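The following pair of complexes shares a single chain, chain A, combined with chain B in the former and chain C in the latter.
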Partner chain A sequence: MLGMGNKLRMKKKWIEILSIFFSYVFTFWLLISMIFILLRLSPGDPALKYLSPQLNSHLYDYVKNSYGLDKPVVEQYYLFIYNLFRGDFGISYNYRVPVSSMIMETAPFTISFSLVSFIIQVAISMWVIFYVHKHKGNWLEKSLNKISLFLYSLPTMTIGLVLIYIFSIQLGLFPLSDVHSTNYDELNFFQKLFDLVKHLTLPLITLSLPGIIIFYNYLHGNIEATERKSFIRFMIANGFDKNIVFKKHVIPNSISPLISILGTELGILLGGAVITETLFGLPGLGRLTVSAILTRDYPLIIGCVFFSGVFVLAANFLADLYKLKHDVQLRENFKNL
Partner chain B sequence: MIKKIQIWHAVLILYFIVLLLRFNELVSTIELIFVIFQLLISHLDNIANIFSTNVVDQLSSFAIFLGGIIFVISFRKKIDWLRKKCSLTLFTSNILMFIFLFAPILAPYSDNLQFNLPTAKRLAPLSGRYLVKIIDERSTESSKSQYQKVEETLFRENVTPDYYLLETPISNQSSIGSVSTSVIFLLGTDEYGRDILSRIIYATRYSLLIGVIAIFITGFIGITLGFISGYFGKYVDILLNRIAEMFLAVPFIFLVILCVAFLGDSLLTVIIVLGVAGWMSLFKIVRSEVLKLKTRDHIVTSQMIGMTLSNQLVKEFLPLLLPSVLTNLIFQFAYIIIAESSLSFLGITGNYSHSSLGGMIQQGFLNLNEAWWIILFPTLIITLIFYTVYNYANKLRNIGTNQISFTTN
Partner chain C sequence: MKVILNKLLSICLILVICLSCNKEDKSNLVVIGLENEIQTLNPLYTMSEVEANISELLFLGLVGHDWDYGKGEPTSFPVLASSIEWENDSSSVLISLRNDVKWENGKDLTVDDVIFSFDLYSDKSVQSRFYGTFYNFYLNKDLSIDLKKTFEIINSHKFRINFLPNRNTSYYDFDYPILPKYLFEKVHRNNLASSDTISITSGTGPYKIKEWKKNQYVKLIATSNSIYSSPTQIKELVFKIVPDYTSRLYQLKNNDIDLTEFIKPEDVENLASLGRFILKQRTGREYDYLGLRAYGAESNSSAKTRLFDSPKIRKAISLAINRESIVQEHLRNKGSLMSNPVAPIFSSVLNKDVIPLPFNLNEAKLILNSEGWNDSNNDGFLDKNGITFSFTLSFPSGNPLREYTAIRIQNNLKAAGIKVELQSLEPNVFFEKMFNKQFEAWLAGWSIPVPLNLKPYWHSDPKLAPGNISSYKNKRVDEILNTLDLRLSNNVRNNLIKEFQKIISEDQPVVFLFWIDNSVAINSRLRNVKVTPLATIQKCWEWEIN
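Now for the complex of A and B:
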């Protein structure tokens, strides 16, 4: 009897996973279609968006053939999807190399940059929350409640500019731009690390500060809501240690909604990375996109937008899967109780 | 003491400040009206030439200015809203409102007015100079009509060759035939010798205008699609949800970049793109609310008596949706203004003829070593706008949630 139930549950779970997967595939197809429709809607010859007189004749013919630019629209659409799936985004006008290789060059930096920023955001906001919870009503909580809105209303570029003005130009503590010094290759490991940290401190602060405040406000509200729930009150009334209750029951219960906003958060991070990378001159995907649009490098723009979309979609998909698993676990735990 | 300041006090204080600082401008506006009346009587066939956009702008903001004073003074006891306690947010929103409505009166010069470069380049805030007008003997002053004179003092579209900015006044005025007046650049000038105060005032106005129009587009798309999705359900719902998911997947800036790349970067395109790019959250809110409301009695009744769909939306659903929709739209407004200035900061948009906050910041960033004031004031204004709008939306949300919890209990 129990085995039958387990099997049924497993089957249901697989169906749920499959339905999520297919809905994401559908979204993915919509994304490609939107890019294609925009390409066709734009004034001027759409075929010329992939071809440029700057390309030499060999590359010109290659792009023309692979995208079927002299063929009917339906066939072009099919080829467009086929090429995007293969990872062939065309040839960049300016760099005269395949767009995919340009993205592969810059994406790792942006991804690791965003990831480090994300970790910093979570770590600092968690630390602040622990601290605030331990010393309730102290100066930090009061001042945070007051200035968090003001800090949040600082746009990314403002934070970056203020930091650059104070620390780079006036005090000269940090370098103005780029990810490492010119003599980077001659340094030993620790010097390299120090160099990287020196160059990336200001960008990381710029990218992380809004996120820290968002996380803090979000978690703070969640924790307060969880603490008001009856099972927490029940535990404290029964004489459980307050710290243990906080660590083992309040935090896990209030952190799980955080996973669901992971994808959105990643989108915000990528958007913020565009401004941060441009401000600090970092060689990432954001700066590549900005330089692409400033020179109207259409294949590169399509590639970058497509990549960022796929990246966020993948993160959303993982978050959905995690939620599914997490909820099932919660249900199981409740049954065991 | 400070806590007792009501809104109408704050508005009158602002009016008083404007009157004090821009008295000359107001007087010459009255003069302009007088001259225009004269011209209307004498040359009625020339009416299209008289009412240029500048003149209409000036006159309408002057009319709102006078109307505002009369309204506030006469209705201060009758309207509750005017007697509310004036918090910081309300005060800053009053300032923004003033800039938005009275930009032509507040700004000393036109936003693209360039003074002669050697003296006017990168002047520090509060620096005074002398504006000298050399009267040429050949083209005598008397040949200009009174209308032209008033227009010249009011708008100062572009410095005519006989205006010069000097550091010291010309000592023997009578011999050359010149008139010098002292001018003060409150916030300094930028690299091209343009007054930053005027540029900021016009740029604020434009970015608020862009935000308002974009918000209307967002609201229209979000409410309509959300209503359709929640009301009909089934395949339409799934399809629209997936489309919203797709728009959410592409980060805002990337989406705008994609659209701007293919559809051009004119002002209208940017406004539409900014409006379209933010409809998803409103769509989700409206959809879930409509799903909840759909089974209520009065809605079902309105369906049964044969109300059309648009009538149902406007008369039955919208009044109930209004608090959440409004809150979301005001949040969106803040984000759109930030996005617009970020985009023009990156140089993606902002190639239009007027000044923009992001463009000023970009220009200041290039001159960060020499002139801090070019970048400081636009940044402050952006922060002020975002702070005000965000605070407002937060308050509205709290009121909304309180109401909802009140009705459910």
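Now for the complex of A and C:
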């Protein structure tokens, strides 16, 4: 009888997971289709560079045909979906290489760059939270409360430009662009490390600053709410060490809701990476996307969106699964559906 | 105590690391800053001038070119050819190849490689940028070169090229990088564009690709087996992509970049005053114009859209625009006024009697009045038959010079009684609309091809002249342009080009605004960098480091 109950519960759980999964697949299909349609509707011509008085006018038509742009849009869409299922993103119009290889070339940088930024965001915001909690009411807490909204509202582009102006142009402390020096290959391990740190300091600050503020504000609010809860008051009133209560009870109870915003935060992070990479001339997916959009390189745009979409939706999916496991209210809601 | 010691040790370690980071050794390395991404270095597909110039460092052609400032025209010299003998009527040329040129596999460069290369360049399935441009060759129906009629093989190192009779042939007809047949024939012609053959091989040039990071840089390394290889040759050339101008400028000032083009006029003096840079001007290759769509005989246009059909109206607009002030204020005299599309650098064919129209608002108003345009309703704008003289001027966004020029034109023409609405468009959208002739007035520019080729811009046949966006039509101009394709004496040719300049200046098919100089900044540690009207990045094997 008990076994039957377990099986039923497992079955329900799988149905819940599958329903979430399929809602993501649908969102993903919608995203890709919208991008495809919007690209075809938007003005601009991918074969424009072949329109030149110094080139033969037939070349433009041949190139356009070879891109498949002479076919009806419905047929183009069918081919696009068919190729997508085969894992074929096509050939980049500009670079004349498979889109997948372009993405494989640039995505590792963007992923590691975003990951390092994410770690920095979490680490610094946690440190600040601990510090502020230890020294409640000090200048840092007061000033952070006042300027956090201002820093949060600053666009990534503005942060980057201000940092470049102060630290690169005026003080000359950091390079203006690139991920490393031109003689990087000839450097020893320490020199390479220093070179990377020197080049990536400003981009990482630019990308991480808004995230630090988000995490700080969110955690700060959660911590204050948790600290007001009766079980925490009860523990402190019974003489438990304040620091232990804070580390073992307040923090874990405050972090849990944070997981739900991580998926969204990853999307923000990727959006920020696009701007940061373009601003600092970094060789990532963001810069590639911008360049593809400006030149109407349709296969490359779709490839970049596909990759970013998978990344963001996968993070959201994992966050949803986490919530499903830990959020009782959400689980109850699912059961009642 | 232990904590303090640990901290001290950490600081020492960081200091050691920092001190071990020496300044970049650039004694045999030159970094060239580029604005735009290099999409390909395959000579079949290079589209931009920079791409073509870099690919010529990898793959040499039969001939090379220089600029003769005395004559005001390009001169040619053999490169992979050891001798070039023209027939008296220029209908064929006998070419001997050098016998000391070898490919990477150790085999000689032969006539087979040359013919194979020409075949590739003209093959429809390859979709090379040169497809359909072999105007002086015997062609098949699909515009590929008729190899049997064109090439006559004498031996493995000697061949003849037969051209169509009575054509204006020159060294430029066979100025194409020669490709290694043994490598390129392995790739299906439809797939050549996406092949990585170029990245993995070295050609006949003095450099080969060492590393290529898309969107970042291309590193070239000196080869030892090229005819231009030498011990003094710079070992490594890095073409670094820095799209942002400010970033490029600061990297130049910071010695991270040794050479870059398109320095803004306002920065030229500042760079020169630093004493560490040589500033050179590349003149006469680019100009900006105000395009005015003339509909001529097209019946599907209303009276409103026929504003610019009359040459007198176009001349009045030219007179009403103060171009000199733009050259002085925005270009800071790094440019010059123009009267027609033949640049002053072509001094041998320049018609010195044709001078730029002056700024003369009164004369402009008189012409407009004589054409029936008057301010009858006193609203400050001219009108005729109830139609106000107004038009929309479109221009691409992100180009400060064109944005400034558009506003100046709007203000100048307002003073003449013409209402101008401005429309800024994203470049890709702008150029698509421009080539589809969807504008009534637009601001754009052209690069002048060398050797001078006017037909693609001014002939009335749209198939022959995709650059004739304003639909300009003049029978005599068509005759001149058609005749210039034929074999003529220098004197006749020069006179025809001078006549062309006179007609085009009178007709003003567009308002010719100004020639724009390309200011090139070169770090003074570099020597022998020749900036000519032909190119900036050329003959890099002759560059030296102080």
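The rule is simple: the second predicted complex is superposed on the first by the 266 of 337 C-alpha atoms of A that agree within 3 Å, B and C clash if a C-alpha of one lies under 4 Å from a C-alpha of the other, contacts with A are read in each partner's own complex, and residues count from 1 in each chain.
Just so it is clear, a residue touches a chain if its C-beta (ideal position, glycine included) is under 8 Å from a C-beta of that chain, and two chains touch if they have at least 3 such contacts.
In this text the structure is predicted, and so the values were computed from the model without any measurement.
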Chain B versus chain C as contact partner of A:T27, first or second or both or neither: first
Touched partner set for A:L200, first chain B, second chain C, both or neither: neither
Partner chain in contact with A:S66 - chain B first, chain C second, else both or neither: second
Touched partner set for A:R296, first chain B, second chain C, both or neither: both
Which of chain B and chain C A:P175 touches, first, second, both or neither: second
First, second, both or neither for A:V274, with chain B first and chain C second: first
Contacts of A:L154 with chain B and chain C, given as first, second, both or neither: first
Touched partner set for A:P43, first chain B, second chain C, both or neither: both
First, second, both or neither for A:I213, with chain B first and chain C second: neither
Contacts on chain A seen with chain B and repeated with chain C across the two complexes: 43, 49, 164, 169, 278-279, 294, 296
In the complex, chain A residues that touch chain B: 23, 26-27, 30-31, 34-35, 38-39, 41-43, 49, 149-150, 152-158, 161-162, 164-165, 169, 263-264, 267-268, 270-271, 274-275, 278-279, 289-290, 293-294, 296, 298, 301-302, 304-305, 308-310, 312-313, 316
Contacting residues of chain C [partner chain A, same complex]: 16-18, 20-22, 24-26, 29, 31, 37, 39-40, 45, 47, 124, 127, 129, 131-133, 143, 193-194, 196, 213-217, 219, 238, 240-244, 247, 250-251, 254, 256, 426-429, 431-433, 435, 446, 449, 453, 456-457, 463, 465-467
Sites on chain B touched by chain A in the complex: 242-243, 245-246, 248-255, 257-264, 338, 341-342, 345-348, 358, 361, 365, 368-369, 372, 375, 379, 382-383, 386-387, 390-391, 394
Complex contact set, residues of chain A against chain C: 43-45, 48-49, 51-59, 62-63, 66, 91, 94-98, 102, 105-106, 164, 168-169, 172, 175-179, 181-183, 186-188, 190-191, 193-195, 278-279, 281, 283, 287-288, 291, 294-296
